[in-house]
Every structure is written in C-alpha cells, then in structure tokens.
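In what comes next, chain A is part of two complexes: it sits with chain B in the first one and with chain C in the second one.
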Partner chain A sequence: MIEFTTWDILRNLLLAARWTVLLSLVSFIGGGLLGLALLFGRISPRRWLSKATGSYIELFQGTPLLMQMFLAFFGLGLFGVDVPARLAAGLALILWSAAFLTEIWRGCVESIARGQWEASASLGMGRLQQMRYVILPQALKIAIPPTVGFSVQVIKGTALTSIIGFVELSKAGTVVTNATFQPFTVYGFVALIYFALCWPLSKSSQILERKLNVAHRNH
Partner chain B sequence: MSLIEITEVRKSFGANEVLKGINLDVEPGEVIAIIGKSGSGKSTLLRCINGLETISGGSISVAGAQLAEDEVHLKALRLKVGMIFQQFNLFPHLTAGGNVMLSQMVVKKVPKAQAEAMARRMLERVGLAHKFDAYPDELSGGQQQRVAIARALAMQPIALLCDEITSALDPELVSEVLAVVRELAAEGMTLLMVTHEMKFARDVCSRVVFMHQGRVHEIGPPEDVFANPQTPELRQFLGMTGHA
Partner chain C sequence: MKYHLDFSWLPQYAPDILKGVMITLELIAVGGVLGILLGIFCAWARALGPRWLKAPVGLYVELIRNTPFLIQLFFIFFGLPSIGVQMNELTAANLAMVINLGAYGCEIIRAGIQATPKGQFEAGRSLAMSPLQTFRHVVLVPSLQRIWPALSSQVVIVMLGSSVVSQIAAQDLTFAANFIQSRTFRAFEAYIVSTIIYLVLAILVRQVMALIGRTLFPRRKAA
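Here is the complex of A and B:
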C-alpha cells in the first residue's frame, strides 16, 4: 500500500483550490456584470421589465443552488448539448450570483433619498445620467460591504459543483480521501483552506462597513 | 403670451383629487407667492410645473415648451425652469462647486473649464465663492440652500420654482436665503414660490396666490390679498377674525 505524507495531501488539495478560486472569480465577476444589467431592469420605470427581472430573481433565490446546477448540467444535455461540468458549474453560479447581487444592489439604490432623483431630474438629467452621476456613486459606498460579504457565499457555493463532477477543492477532498482513507485529516485541511479564503473577505467586509460608516454619515 | 401658462390643471393621487382645475398665467419677471394650508395642493402644483408629478388633466407650458411625459419634452422644459427644494437635495458626494458644475457638463455638455467658471460666478452670486471645495455636510443649512440656488442658476433657467425653501432652516438662517431670493427678484428673475414667509411675500412678490382645497381661491397683488382678503378662508388663514 502506498503511503501518503501530509504534504502529499495538502499539495493536492492546494492544487485543486486553484479551481475553487478561479471558479469563484468567474462567478463573482460574471454575476456582477449580469447583476448590474439586471439592476437597471429591476429599477426601471417600465413595469414589465422590472416585473420580469423580479421573477428571475425570485426564481433563483427560491430554488437551491444545487438544483440550478443539476438543471444546467443535465437540462442542456437533454437538448443534445454536451455540457462539460465546468461550464455548467460556471453558468449556474453566474446566474445565481447575479440574482443575489441585483437584489443587494437594488436595496442600496433604493436607500438613496428620493430628493436626489428629483433634484437631478429637475436639472434636466435623463435617467441614465442620474444613475451614472448621482445615484450609483452614492449607492456604491453603501453596496461595498454587503457585496464583499456576498463573495464569501460565492466561494462556499462553489463547493456544490463537486456534485456534478467539477474537480475543485471539495471534490479533490473526496478523491484524496478515497486514496488515503484519512477523511478527518483531509476534510480538516479542506475546511482550513476554505476558511483561509473566506475569513479575510468577511473580515474586510466588516472593516469596510465600519470605515465607510454608512449608517451614520451626515448625522 | 405669458411665460408660464397653467390651464385647467388637474391632478389626482388615486381617488384623491389634489388639484381641481388650476388656471394661472405668469408674466416674465413676475414674483409669485403661493400660500395656503398644508394639503391645499400648492407644492403639488409647483412639482407639476416641471414634471416631477404627472398631471391628470389640463396643460402647462413654459415659454412655449409644453409639459409632456416623454424624456425629450421634459428635458426641454426643465432647462427653462429650475427648482429649489425644501430639503436642499445637494449631491452629498460632490463639493459645492461639483454640485454646480455637474448638470452643466452632463446635460448641456459644457466643457469643464467653462462649467467651473460659471460655478464660481454663481457661488459668488449667492455669497459662497469661498466654499467652492466644501462638501455639503460641511455647510450649514442656509449655505446648502444657497448652493442649491447657485446650482439651479448655473443652468440659466428663465424661471425658478421654490418649494418652501426656507421651511427646513433654523430661524437665524432664513434671512440669508431670502436675501438671495430678493436679489434674484430685483434682477428680474421670474419666481414662483410656495412659502410660509408672509412678510417676505408681502415685500417682494408681485402677486399672491391663495390656494384652498385644490383651487386658486384668491389671487391678487399682496397689498390687496393681505390687507383686504375677500373670502373667509383666506381671512382665517391669515389669522384674522371674522369681524376684522
């Protein structure tokens, strides 16, 4: 029987963790871009547009991420499209992140006083100009802490992609366990690596929140 | 032709009719005070004039620009009438100068240097040239409101709408804002102001409009309206007893 050193285990996990990081980045950035587009739809004065984006958000918030991944993975397969696990994983995570980010940002935009919209409108600005120059710069400040906080959810969300066979940190943990028969050690390391990725983010979210001191500005 | 023509304007919020057919023509250079109890529709009327509220009936035009719902018409109208709000509504992420420059650059596409020069002139005009780089939360209420006036003036409107612009101010700050408005009036700016400053209305305005339950109840030069109110509602509003 082959002996595995602790370093062997850790090295393999760290190599797989690169995929976790990459998938997180892709999901977060992709979800952010899509979320920004959806945000404009969500707060649009056109009823049907805001309703449609609202339904999208409810759909993705109201079903487990795991189901969304299954659907992306097997669902597209039904149409004869051969979907590699990493594509299904990325797609599902992007769509999922976008739904949550849109809702987070909508809250931030709506927390900007109505008077800001009215003042900028009375100066002749169009809706996009109001957003670009008046509302978003203010909303951005409020949005940073919860957005950074949400990135932690994205990282942890990537663990689910192991179930559709994408080899990232969690999947690697299972594989290594099967080879070494040391589940406690292996999953212990897996957890530690996740923690090392997530903790700095949640910590910085807290620090940012205090620094921007959002709730008490102007009082 | 009058500068501002308000014809049979109606406005309802749901089943509640707030404006019940308003007619008012404003000549260039007139200073009009709109007075009345809260809920009489005076703020709503002002907000209708530059399209912050959509009207349910009638028509409004300012120097030929017709009020309509689409963005092109609204923009044309809003370039002609500036508005100043009770709560100042300065943009908190920009300096006083930035507040005055922004809409010039974004809406009128004025080059930055030119917008800055204009901003400095306008801040000077309201006595705040030295506050160009101050952020709104570093300014007093009166100063913020003067910046808001400078911001509206920088768009070179032909009329200004003032919606209770001194109501959110501490008493000692009211006069500095009114002084600026008084000066604008003297320079011939057309002003429509909803106000509770009766003394100011009496001194500065060319006409006073008394609104009651969504209608223009009484209208006339201030000396008539204040000294010789015709209706019991206005007498009551002015605090006169029925037998005075």
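Here is the complex of A and C:
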C-alpha cells in the first residue's frame, strides 16, 4: 500500500483549489454582469419588467443552489448536447449569484435619496444618464461592502459543484479521502483552505463597511 | 428539441417524496430551534459575555461562516468517527445544521443586541437586576424583534442549504429526487418537482417564522 504524507495530501488539495478560485471568479464576474443588467430591470418604472425580474430573484433565492445545478446539468442535457460538469456548474452559479447581487444592489440604489433622481431629471437627463452620472457613483460606495461579503457566499457555493462531478477543492477532498482513509485530516485541510480563501474577504468587507460608513457620516 | 416531459411516475413515487419532505421539515424544525438558541447564547457571549468566552466563540463563528456547509457536514460525518465520535446520518445532518445556524444566528442576533440603547442596561441595573437578568428580561426580546426578519431569512437559507445532506445519505427531499431519477431516468422532471416543493417549503418556513414573530412580540407593532 502506498503511504501518503501530509504534504502529499495538502499539495493535491491546493492544486484542486485553483479550480475553486477560477470557478468563483467566473461566477462572480458573470453574475455581476448579469446582475447589473437585471438591476436595470428591477428598478425599471415599467411594472411588468420589475415584476418579472422580481420573480426571477424570488425563484433563485427560494430554491436550493444544488437543485439549480441539477436542473442546469440535466436541463442542458435535454437539448441533446453532452454537458460537461463545469458548464452546468458555471451556468447555475452565474444565474444564482446574479439573483443575489441584483437584490443587494437594488437596496443600495433605493437608499439614494429621491431628490437625486428628481434633481437629475430636472437637468433633462435620461434614465441611463441618471444612473450613470448620478445614482450609480453614489450607490457604488454603499454597495462595495455587501458585494465583497457576497463573494464569500460564491466561494462557498462552488463547493456544491462537487456533487455534479466538477473536480474542485471539495471533490478533491473526497477523492483524497478515498485514497488515504484519513477523512479527519483531509476535510480539516479542505476547511482550512476554504477559510484561507474566505476569511480575508469577510474581514475586508467588515473593514470597508466601517470605513465607508465613517465617510458617510461626515457628509 | 424532441423531448417530452413525462410526469407519469409521480403517483407511484409520491410516498417517497412525502417522506423526503417530512425529513427536510424535521431537519429544519430541530436545526432551527436549537440553532437559534445556540445563536442567542453565542451572541450573548460575544456581546456581553466574560472575556475568556469571547475568543473561542469568535473563532467558532468565523470558522463556520467562512467554510462551506458541505465540508462541515463531511467533517462531522466522515471526519469525527476517526477520533471516536460516531453518529448516524440524521444526527450528523441535524448537528451540522445547528452548528451552522448557530454561527450565522450569532452575528445577526449580536447586531440586535448592540443596537440596544445604553439606557436599557442602566435601567436594568438601577432596578438591581444582575447583568444576566437584564439581558434575559430587558434586552433579549426587543433585540430579537429587531432582527427577526434577518433571522427568518437565515433560517430559510439553512433550510435550502440542507439539500446537501443527501450526500451523507440522509433521506431528505433531495435524496428522494435522486432516488426517483435513478429509478425512472426522468432526472429533469424529478428535480423540477423537488425544486417546486423547495420553493413552497421556503414560503412555508417564512410564514411560520412570521407567525412565531407575531406570537413572541405581540404588543409591539413591527416597525
């Protein structure tokens, strides 16, 4: 029987962690872009549009991410194409993050005083101009801490992709456990690697919140 | 696309789905109640507790909030037996949910406690209440009321997160969906059905939390 050293275990987990990082980045950026588009729909004065985006958000926030992944995995398969796990995983995570980010950002946009909308409208700005030059720059400052905080949820969300067969940190943990029979050590390391990825983001979210809040109070 | 959705398996497997729903509900009932209690304790410890308790509770909260639920579950179910702590899959799932909700609940409830005006603590002291009595009779209920909506959302999130307990063979709703798709090869339909049920359960849990909120904080009007 082959003996595995602690370093062997850790090295393999770290190699797999690259996929966790990559998938998190893709999901977060993709989700952010889609979320921005949805945000315009969510705060649109057209009722049917804001209702439709609202339902989208309700749907993705009210169902388990795991189910969304299964549906993406098997749903795409219905079109008769061979679906690689990474495609289904990425798609589900992007749709899921977009729903949450839209809702976070809607709160930020709505916290901007009504008068700002009216003032910019009285300057003859169109809806897009208002957003671009008046509302978003102000909302951005409020949005940064919760957005950074949400990135932690995205990283933790990628762990579920192991269930539909994408080999990232969690899946590697299972594989390495099956080879070494040391679940305590392996899952301990897996947890620590996730912690090392997430904790700096959580902490900086907190610090940013404090900093930007102080700036806000001085106005 | 030549694919016809086929739900003809539904009547035959309805009992399996129902059983899964019951397990999911049981998990969130036990996990919710014990998790909130653990959260209250940890929030008290972090906000008002003795100094020696703050560091370990803080470590626990940060560790849980920055690792995926799935890994916590695997660690409890697969990892702990190698140091002699063994449990069945339902106990492990319940334990993981309590630990998870406890950590998130702690931070939410702590925010509520810290929003308590200083005068409330002083008023409690001037009535010769001990710090613990002040916390129990003066601070706790308004604090919980303040953050009840956020706590309700967290309970829903934990309920939805519980779908991964099927990975340690706890027979919840997702387990039932996996079982059905492996028997009928109707994967998409099986997961559509269970997704809709989860959506209904999420709405249900939200309503139950609102109901509990109304009974716990009766005289005050929700702000």
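Just so we're on the same page, the second predicted complex is superposed on the first by the 214 of 219 C-alpha atoms of A that agree within 3 Å, B and C clash if a C-alpha of one lies under 4 Å from a C-alpha of the other, contacts with A are read in each partner's own complex, and residues count from 1 in each chain.
Everything below uses one rule, namely that a contact is a pair of C-beta atoms (placed from the backbone, for glycine too) under 8 Å apart; a residue touches a chain by one contact, two chains touch by 3 or more.
All figures in this text were calculated on a predicted structure; none of them were measured in a lab.
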Room on chain A for both chain B and chain C (clash or fit): fit
Touching partner for A:L78 - first (chain B), second (chain C), both, neither: second
First (chain B), second (chain C), both or neither touched by A:L10: neither
Residue contacts on chain A - larger count, chain B or chain C: C
Geometry of the superposed three-chain model: angle at chain A (Cα centres of chain B and chain C, steps of 10 degrees): 100
Partner chain(s) touched by A:L160 [first = chain B, second = chain C, both, neither]: second
Partner chain(s) touched by A:L36 [first = chain B, second = chain C, both, neither]: neither
Which of chain B and chain C A:R127 touches, first, second, both or neither: first
Touched partner set for A:I104, first chain B, second chain C, both or neither: neither
Minimum C-alpha separation between chain B and chain C after superposing on chain A, in Å: 25
Doubly contacted residues of chain A, that is, touched by chain B and again by chain C: none
Residues of chain A touching chain C in the complex: 59, 62-68, 70-71, 74-75, 77-80, 152, 156-157, 159-160, 162-163, 170, 173-174, 177, 182-184, 186-188, 190-191, 194-195, 198-199, 202
Touch list for chain A against partner chain B, complex: 113, 115-116, 118-127, 129, 133-134, 137-138, 141, 217-218
Of all residues in chain C, those that touch chain A in their complex: 1, 3, 62-63, 65-72, 74-75, 78-83, 156, 160-164, 167, 174, 177, 181, 187-188, 191-192, 194-195, 198-199, 202-203
Residue numbers on chain B that touch chain A, as the complex places them: 50-52, 71, 74-75, 78-79, 82-83, 85, 87, 89-93, 102-103, 106-108, 137, 148, 151-152, 155
